[in-house]
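Structures for review follow.
What follows is a pair of complexes built around chain A, which joins chain B in one and chain C in the other.
Up next is the complex of A and B:
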């Protein structure tokens, strides 16, 4: 009986078996890494904006409070994007001829709001409310990072469900006094934070068990 | 000769598991020729064509489902489980006979399993493939089916371990994996035979590739036997576990008619019952079309009929006990479902058809003439196939359509898409079966050779015994 395969088929078949075992595993690892990478989450990815607005300059440099522009953050689900008039409170007087601010002046003249590129966009099936987070003592920095150091705005956290749940399961790791909510500099003190957090949970009547109910975020 | 039971002896002599006069060569020639020599004929093309057309209908039904969602099916409040679950349980049940034949009967050294195990295992695989489609399509968003698996995900979510639906995922996927391995390992020596006998160069390459370098050396056989027995050991608990888990889908719910402890054993018996019915449904036309009367003898038909009778009686006992428990419990809801709604409610015709197919007609198997008549048995098996489908329909629909809130009571009917999906899976099953018959040996060649060997030894031993007894008397 003649041999139908060349001896090299032995090596080939071993390679095939190896590939069948390692290939799918490799694919799983690659997809695991990919869905957590900035390619998928957009973390620290710079997006082009109509006006290169610098939080670093306005917040870090000039010391403008978050609420000066994001007016509804304490009372509404949506933090609010400033209307062109807010920009113009200063920019009608200073840098009023800067070419960089041309879209702002056009917006005012045409009565058309500036179309910003959205950075933080949750899926429609997620109900998110800024007000409750502010009221119970979650600092802006906890989710948005050091905005006062961002020359152009980026997303600091992945906003995945895993990330949301990390805090909803253990809010004591992130809670702070309400007076520190808008403070960019305040960082949780390392050994005492859990104590502070547990105290705040009690004081603010935060029912941690209920924070992970499906309907808290999916209504 | 008083030490031997004359009745069993005469039965064995009347219909052996292998017709006399076969040698290693004739067995190999006959079975391998089905794949390698026999020309294509119009009957095979017709069968495959029908199956293929129905498979295309399945693809159409799935496409429409993906575009429009499960709303195209008949499921609606309160009947949220319709054809999809009925078909899933029916198909998965059918698969069980293959595993029983290949694993349990192997370990019990039942030689009559040899000529039916290969296509019964293939039947198992194809049935599981059809079964697996239904819960996936029923998800609503089948493209995220992998959410059923526990994997590190960005949602920080684990499947709900307290739900039997997740047990199903593991039961069915384990079952599919072990069945596939068992079938494939069993095929390897036969694939090597086909490789060596193939005249066509490409056929030789393909069978050779699949045979994975099998040379039939003693070491190969040793490892093969070990692996085969280990897999049989792995598959044995699956015969019982898979359909038990499927039955828990129902029993864990607190609905009257579902919430019952008898479900796991009664489902397993029903699965083997329907599975053997399907094996008979395939075996009878198969042996007629390819003249396999020497290998699939009357003995096989009779043994399968006996298994059907036994498991059918367990199923009948299950029906009886469901009704008895309802009556004995004095639970008004259980009594309503079991004693009023099922036998006399709007689905009464389904219920009585089910009893006719599963309980009354199979009583004919008490007659030897029915058990040994290929045609009679085939027709009877067909009734059982239908009856077992109706059983799942009765269980799923009658418990749901009259729920605890009478204002939401409604009737359930499958839509045209329900039927298209169901008949589509029948077509898929048929197509796979026809392809299998054409391209792989339907009967295990190596095990048949073994059987020839054992029969010869047996005959020699008998002859010896007879001659010694003759000299003594």
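Up next is the complex of A and C:
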């Protein structure tokens, strides 16, 4: 009986078997990498803004507190973006003829708000609240990175569920005294942080077990 | 006839091509995949500050109607017995109010200090001397709080300046709620005192910390 398959078919079949085992795994790995890549999460991606607003200048250089502009961050779920009026408290006199600030002046004159491009935007099925995090002692840096060093604002953390949970499982790694919340330079004191964190969990009555319940964030 | 031809085509299994079905399946799969990221992610409701095509200014956040009274937060309301006019404007029957309309304790002053450092230091400086960072970058310099005229002003004046603005200074009413404005006004008094304190009025333990101060040394100004 003549051979139906050429000997090279052996190699081919081995390759096929190997491919069947490794292929799906590779596909999983590739899609996982894709999901975590800036392409999906937007981390450190620069977005076009109507005015090239620089936190580096205003916060790092001039030392303006976050709350001067993001007024509602301590009391509401939403940090708030400054209305044109807030920019004009200073720019009515400073750089008042700069073409860079033309959209700000037009906005004030025409009573049309400036349309900033949002950088952080959770899906609508997730509930997030700034006030609770600020009141319990989570610093802006823990979630937004060194904003005072950003010449144009970007997203420092991926804001995935995994990322939220990392902290909700171990808040002691990130908790600080409330007066340090707005301090951009604060870093956890290395050996003592866990101890301080555990003390703060107790003092602020944080129920860590409850923080990973689905209904905390999906309500 | 068109219809017969079509039927005939299906009748010939030997030359049947799957390309059409394949394309249809892929199209459906593509639709399903792209469908994943929409409805639950962007639900038909406004998030804070989301744009809206309904209103002329393009914003879904609506300004308050004039005369709206906040209904929810009792901490923002005037204390019992204090008329609204005093608490919200700093004026009482055509005259500026002379004192803060609620008891001032250490907590109030600390709150005032914190709020002052957020909203006022950029121009007025930590000491209230009018040499803040923005002034150093070219903003019109404000008068120092410790100046003769400002020290003579009733406390209601500071409240009024924050509420309505003053000359080149814009109003801070939209960002600083009334109670905090009173706390800041009280803290301005602290700053004024700090620039005109007399060693003789300090408690003994603090006085001893001052280098080489004796009772006879000339006070920096008259009380």
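Convention: the second predicted complex is superposed on the first by the 219 of 219 C-alpha atoms of A that agree within 3 Å, B and C clash if a C-alpha of one lies under 4 Å from a C-alpha of the other, contacts with A are read in each partner's own complex, and residues count from 1 in each chain.
Note that a residue touches a chain if its C-beta (ideal position, glycine included) is under 8 Å from a C-beta of that chain, and two chains touch if they have at least 3 such contacts.
Keep in mind that this is a model prediction, so the values were computed, not measured.
Student: Is this a clash or a fit when chain B and chain C both end up on chain A?
Tutor: They fit side by side.
Student: Could you say whether A:129 touches chain B, chain C, both of them, or neither, answering first, second, both or neither?
Tutor: A:129: touches no partner chain.
Student: Now for A:31: first (chain B), second (chain C), both, or neither, which partner does it touch?
Tutor: Neither chain B nor chain C is touched by A:31.
Student: Return first, second, both or neither, reflecting whether A:117 touches chain B, chain C, both chains, or no partner chain.
Tutor: The answer is neither, since A:117 touches no partner chain.
Student: Taking the superposition on A as described, I'd like to know which of chain B and chain C A:89 touches: first, second, both or neither.
Tutor: In the superposition, A:89 contacts chain C only.
Student: So which one touches more of the residues on chain A, chain B or chain C?
Tutor: The larger set of chain A residues in touch belongs to C.
Student: For the superposed three-chain arrangement, provide the angle chain B-chain A-chain C between C-alpha centres, rounded in steps of 10 degrees.
Tutor: 130
Student: So if I take every C-alpha atom in chain B and every one in chain C after superposing, what is the smallest distance between them in Å?
Tutor: 8
Student: Across the two complexes, what residues of chain A are contacted by chain B and by chain C?
Tutor: Of chain A, no residue contacts chain B in one complex and chain C in the other.
Student: Of all residues in chain C, which touch chain A in the complex?
Tutor: Checking each residue of chain C against chain A gives 40-43, 45, 47-49, 51, 57-59, 117-119, 122, 133-134, 137-140, 168-170, 174-175.
Student: Contact residues on chain A for chain B in the complex?
Tutor: Per the stated touch rule, the residues are 1, 4-5, 9-10, 13, 32, 35-36, 158, 160-163, 165-166.
Student: Which residues, counting only chain A, touch chain C once they are in their complex?
Tutor: Residue list for chain A touching chain C: 62-65, 67-68, 71, 77-78, 80-81, 83, 85-86, 88-90, 92-94, 111-113, 115, 123-125.
Student: Show me the residue ranges of chain B that touch chain A in the complex, using the header's touch definition.
Tutor: Listed in rising order, the residues of chain B that touch chain A are 152-157, 195-196, 201, 204-205, 208, 212-213.
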